[in-house]
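Take a look at this one; I'll ask things after.
Order of writing sets the labels: A, B, C, D, E and F. Residues in every chain begin at 1.
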Amino acid sequence: MRITRRETFNAAHRLYRPDWDDMKNMEVFGKCSNPRWHGHNYVLFVTVEGSVDLQTGFVINLKELSRIIEEHVIQKLDHKNINLEVDFMQGKLASTENLAIGIWQQLEQPVTDAGGSLFCVKLIETENNFVEYFGS
Amino acid sequence: MRITRRETFNAAHRLYRPDWDDMKNMEVFGKCSNPRWHGHNYVLFVTVEGSVDLQTGFVINLKELSRIIEEHVIQKLDHKNINLEVDFMQGKLASTENLAIGIWQQLEQPVTDAGGSLFCVKLIETENNFVEYFGS
Amino acid sequence: MRITRRETFNAAHRLYRPDWDDMKNMEVFGKCSNPRWHGHNYVLFVTVEGSVDLQTGFVINLKELSRIIEEHVIQKLDHKNINLEVDFMQGKLASTENLAIGIWQQLEQPVTDAGGSLFCVKLIETENNFVEYFGS
Amino acid sequence: MRITRRETFNAAHRLYRPDWDDMKNMEVFGKCSNPRWHGHNYVLFVTVEGSVDLQTGFVINLKELSRIIEEHVIQKLDHKNINLEVDFMQGKLASTENLAIGIWQQLEQPVTDAGGSLFCVKLIETENNFVEYFGS
Amino acid sequence: MRITRRETFNAAHRLYRPDWDDMKNMEVFGKCSNPRWHGHNYVLFVTVEGSVDLQTGFVINLKELSRIIEEHVIQKLDHKNINLEVDFMQGKLASTENLAIGIWQQLEQPVTDAGGSLFCVKLIETENNFVEYFGS
Amino acid sequence: MRITRRETFNAAHRLYRPDWDDMKNMEVFGKCSNPRWHGHNYVLFVTVEGSVDLQTGFVINLKELSRIIEEHVIQKLDHKNINLEVDFMQGKLASTENLAIGIWQQLEQPVTDAGGSLFCVKLIETENNFVEYFGS
């Protein structure tokens, strides 16, 4: 059984490598490398896998899962600049893939502590693209 | 190859355990334990897995799959009280998880009889949460 | 200029008239008259009309509009039984139309007090039907 | 008869007044005033009103309307910083209201030149808020 | 008060004028003029305006409105070729605008007979374009 | 890690077998066998699986993936008749299942050439049904 909680955040970012010149960044990342930033309404789906607790009928209490995501992910990302302000993204390219991995790493331990098993982090960047990370 | 049919139903429910007092029910289930009920527009995705029939180009005929879901699930749940009126939920906590398991048990045999193999029951309770059950 | 805030709530209700017998209620309201209730994920769009404040660039501050809707509407409706528990629906048929009128009456004064002018209450009951009320 | 074309763009912005100090900006605009920017997937609906051309069956040719929006709006906004890079937003608060007015002013003349009459610019900032501008 | 019912249908069509040659049709209608047809999942929103009936709490009974739309519109359009098979579109360009006008003309009398007043026919052709017709 | 790109196309089709008579086709395929065609707004999700490139932060560059889908799938299907005009569907029943298999076969080699590994083709025919093909 898998249960999924949806959360949203809005953030600014850009795709670029400081060790590449502007022409190379533009060639690979296109307009996503704009040095003055752009941004997205990100939609995050966090899926926890497990058996159903006989007492509660829950895989995990969604109030608790929502609180964990809020504390460990949303407060760090919402209305932030992903490149400049998010501790777990420092030194990383701010691609959707790397952001999903970072979110996984933020959530894995607290979800485990709450008795759940993190199964998937799905991150929608635009209506036309999303990534799914399953941990390693 | 997997094929999925979407159906919807509207129902009332509450989350509570009769062997817990109100305070305990409120602590675990929050406002979802309101004794006077609340409800949802549930969205159900039923996925059948199989190979493509060479005669029809179908994994399963969706007209038949839709009829099965209508007869075994929607007629029992739509505009009903899940706690009080749904035979396959009697004696169970009316959580989304348990409801998805109950729906799986309703569908597994008739889908098999129709030559398909039930793969997943996905049940959306609100825009912010859903469960997926794959059968044990 | 019009600005709209979306909010959601989940509630139980039934459509029936106590002065009609069950057969008449069933004839007019169908399965929506089920005496053991059913429910919906309601989606509410509140639209305020006005000119843009030169200081803030806002027709109305959405934080304030959201707080007003939360206090006067969502807290009274979310996870409630519309027929039994909602003060402003007492003695009224719990149709989507009447609920939208009730929500308008809840919001009109506080929105005015916040310097705005309520333009429309749009209430979505299911993906297949919604109502819009413009006040009188 | 009204016809509407949907387009999308992603951009960064912040809400703030340079003549207010940080505390005042934070008080009024909250986290939207973050000096390091945040961003959105904006969704734009442009509505043109008119009679149906007997030759084409169109109010306006959507290929032409789409080209106008692309040239006058999307190229200026997509993957841009609204505060720093968009000519028609210079010196204005980057609120959704002001952005919708700016988009209207960009589109009014070219839509008229194409034989149409601009009726409404609807701009969705997040799933929870949008504005509609009807020109003056 | 306005109430809206959503219905869907799938149909094939093409945009072309028999009195224009292929080059002219292609110039104006582009790939929509493909002589071997293409098609859409149309989404139809029918809005009825009126006061709330004190007996029922309804502007119009949605069961009745749905039946009217089914009989007068959906049965004629669903899984049909709009150019070849739909009586009320004979001799007309199969544009979304003309289709919305045709649907209005199909619905106006039966909605009036049911005690309602047709306010708007909104017809979505793709996620990027739709029309709204208000009658005349 | 999986990354998904969404694309859309509109096409006409019908379900039928030339070796069955009309009655048999109607019995199995219902109104989908209408000889004058119907059509859909298809939504296509192409999922590529792989590890994250350390240089770019990408599993695959979405600009490249989008170009591949455009060239090998969309140009062949958009505004076309699937039965009559699509080379890779010749001689096949135009079911959603067969179309997804055909799309997979179009994409597998070019995605591999671009350094990716095709994981899933998901094809939505209507809001109520979709298929997923994983290759083989």
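The rule is short, and it goes like this: a residue touches a chain if its C-beta (ideal position, glycine included) is under 8 Å from a C-beta of that chain, and two chains touch if they have at least 3 such contacts.
Here the structure is a predicted model, which is why all the values come from computation and not from measurement.
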Neighbouring chains shared between chain D and chain E, ordered by label: C
Identified repeat of the C-E interface (over half of residue pairs identical), from D-E, B-C or E-F: D-E
Maximum centroid distance from chain A, chain identifier (CA atoms): E
Centroid-based (C-alpha) most distant chain relative to chain C: F
Centroid spacing, where centroids are CA-atom means, of chain A and chain D in whole angstrom: 28
Approximate Å spacing (C-alpha centroids) for the pair chain A, chain E: 42
Junction residues of chain D, two or more chains touched: 127
Overall pattern in which the protein chains touch one another (line/ring/star/complete/other): other
Interchain contacts (touch definition) - all pairs: A-B, A-D, A-F, B-C, B-F, C-D, C-E, D-E, E-F
Sites on chain D touched by chain E in the complex: 1-7, 52, 55-59, 61-63
Residues on chain A engaged by chain F in the complex (per definition of touch): 15, 17, 28-30, 92-98, 100-101, 127-134
Residues on chain D engaged by chain A in the complex (per definition of touch): 8, 10-13, 31-32, 34, 36-41, 78-81, 84-85, 126-127
